[in-house]
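Both complexes shown next keep subunit A, but they swap its partner, so subunit B is in the first and subunit C is in the second.
Our next item is the complex of A and B:
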């Protein structure tokens, strides 16, 4: 059995990697993948806690969040395709023209 | 079964998008006629046997949210009134709006009638609030019906924003009432008024009062109603005289026990008298016929407030009924004049030198009704308004009667000046509503004796009634001297001289000077009005500069937004770590 602290440490590292990716990537798909890494870091927390407390509720929450993440990815990719058709680019910096 | 009254209008709203433009008039007026028939049927069905129908909307824990409609003499009478006026206005619209986009107009009108019928029938404050908001939104849509032009578009916005203040106050009152009594039902709330603590009660009463005065365009919110005259004339006839603005007065009458319990009678009374006085003076200075009618509407609504504040709810409702009849009549006449002469300016109407034909007769009826002259129905309504007056109220009311007669007959004498060459209106959709409303305005007085059995009305015919009629006649006489015989310019200069040496002048001159000094006072009130408008535009400019200062945050940089979210997260975690 892997100790809980290892799992939490892995999750923090994944989270940091994800945040760095979201902040540094200019490419829309890059940002999506980084955001997915963040979500997976959270999922790992749930699963790890579920395993160490030997309760299934954490794991079932993780399943729900997984489904949500898939839906969110679908919406994001759909919007990105529409966006790239308009601007012929996936660089989100073009969104600047929506400034207030 | 009561909900059946509102269903036809809702069906009309849903059907109109699918039919051709010509049929939309038919659908909405047939729906209004069905509503009228149903409400008359239920009126006799439930006569003196009040009933409440409720359905549970949803349950949250132990709290049930119920929607209920009430069938009582008052609500069903209001339903008859609303559907009747709506039907006539729709008929008139077929004349006045025949060249405009039909489907949009009639679907918006149907939506309005639906919401207004729902509003008068609601017994649940929550439902009442929903319809109240719907009425506000349709009013916005209809004022801005000609949104292509600048003035109607901004008038619609102004109406929406000013009534919004009242809506928020109403919502707050709703929340406070619900937290205190755990119910939305108006009948339960009124039964339990004494169970509310005095502090809560005054909060609720003041919030509701703000809602009421903003909807009914009383001081300091009255400016939106005057600007709303930019909308089509049938809309003004239905929304801004007969029904929508009367919703405020109706809410006041419904919740009257609560206001009385909170000791708000004197507040309502003083607001009512002040607004009436202000509106009468402003009307004296106005040259736009519809705006004069708008000021007169504001004044009439104040009369309803005054009647309600003197614990005479029936008098207020009867005045509401009378006012709905004669004010729609006057708006129809104004619309017909607009079609004939292309202007609302009373001095342009005067100089157009053409005969206004038979329109003169209903105009006399309408303007005499504003002044409350016998034998028209309005005279009997004034008996109801002034029934519970104290001596001080009576004295102010005499002055108001004089001023009201002065401004209404000024409009009549100026707009219907002498002329030649007949140009009658031949469209039956125009003259049928005018004739029906004129007939009711003449003969409706007898209804007072019938209605005193339907809803409790206090009315009294005594020396005061005679004196107030004399005051009105005096106003008519002064208006005749000043405006029909055009003695205004000399009157203003005389009024200045008269203050130096009054005794030198004869009776005739004193009368004209008296009128002229009121004109001067009216001009002064107009300046105060301008100052108010300037104050509010300053306030608005402040918000605009605040908004442009905060534009820098919205820079459109996705990475910056994510960074801001992360920063916020870090701050929240830091706060949680430090304090929890």
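Our next item is the complex of A and C:
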């Protein structure tokens, strides 16, 4: 079993890559895919701590987060489809026209 | 450095590689394929960390649900592109990942019966300690499903 610090470092690296992806993408689907990297980094954090501390609480939290991530993705995809019906695009930069 | 640490570093390298490929890909379909590979790699990392149940849930929920949902969403978008040129080499990546996953799963099997990480206890712990959260989660699931249906079905 590797030390917990290695797992946390890997989680930080994945989180940073995901944040870069969310910030650099203009497409809504691209942002959602990058957000999945962030969620998986958080899951890795919980599972790593759970394995390191020999406790199932972290795995329980990870399971709950996993289900919440699915619900978030479902609503986000639904909103993107509704948004693309109105703007004929999924570029979130066009959200500015709805400002006000 | 023992075989366990080498396996961890190999899996970490695969995870970081796929994460970078997801972010750097120009086409969304390619990102989606790399996300598929990323989820398989993450599931193998969960197996390495003795979270077998969670890895199965991850494979079913993410690769069976979210990736499919995103594929349908991308195919519905106006500027969607499904080009396949230059992606022939990708066939080797899932083979390599699955071989690695099989090796790790056979080398480091699920937690032993005497281990506190035995996942037969997970249901007991979930329903004893987090029963209220699970109920809230179920209600949130129904609410999100209904709200997604309402949002998509709304006429402009």
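Here is the rule we use: the second predicted complex is superposed on the first by the 99 of 100 C-alpha atoms of A that agree within 3 Å, B and C clash if a C-alpha of one lies under 4 Å from a C-alpha of the other, contacts with A are read in each partner's own complex, and residues count from 1 in each chain.
We take it that a contact is a pair of C-beta atoms (placed from the backbone, for glycine too) under 8 Å apart; a residue touches a chain by one contact, two chains touch by 3 or more.
What you see is a predicted model; the values in this text were computed from it and never measured.
The superposition on subunit A brings subunit B alongside subunit C with room for both.
Taking subunit B and subunit C in turn and counting the residues of subunit A each one touches, the greater count comes from C. Touch criterion met: A:95 reaches subunit B, while subunit C stays clear of it. When the shared chain is aligned, subunit C comes close enough to touch A:21, but subunit B does not. Smallest inter-chain Cα distance, subunit B versus subunit C, after superposition on the shared chain: 15 Å.
In the superposition on chain A, no subunit A position is in contact with subunit B in one complex as well as with subunit C in the other.
Of all residues in subunit A, those touching subunit B in their complex are 19, 22-23, 26, 31, 92-93, 95-100. By the touch criterion stated above, subunit C contacts subunit A in their complex at residues 4-5, 8, 12, 15-16, 19-20, 22-23, 28, 31-32, 35, 38-39, 42, 45-46, 49-51, 53-54, 57-58, 61-62, 65-66, 69-70, 73-74, 76-79, 115-117, 119, 121-122, 125-126, 129-130, 133-134, 137, 140-141, 144-145, 147-149, 151-152, 154, 156. By the touch criterion given at the top, residues 1-2, 6-7, 10, 13-14, 17-18, 20-21, 24, 27, 29-30, 32-34, 36-37, 40, 43-44, 47-48, 50-51, 54-57, 59-60, 62-64, 66-75, 77-82, 84-86, 88-90 of subunit A touch subunit C in their complex.
Chain contact summary for the complex, subunit B toward subunit A: residues 551, 553-559, 562-563, 566.
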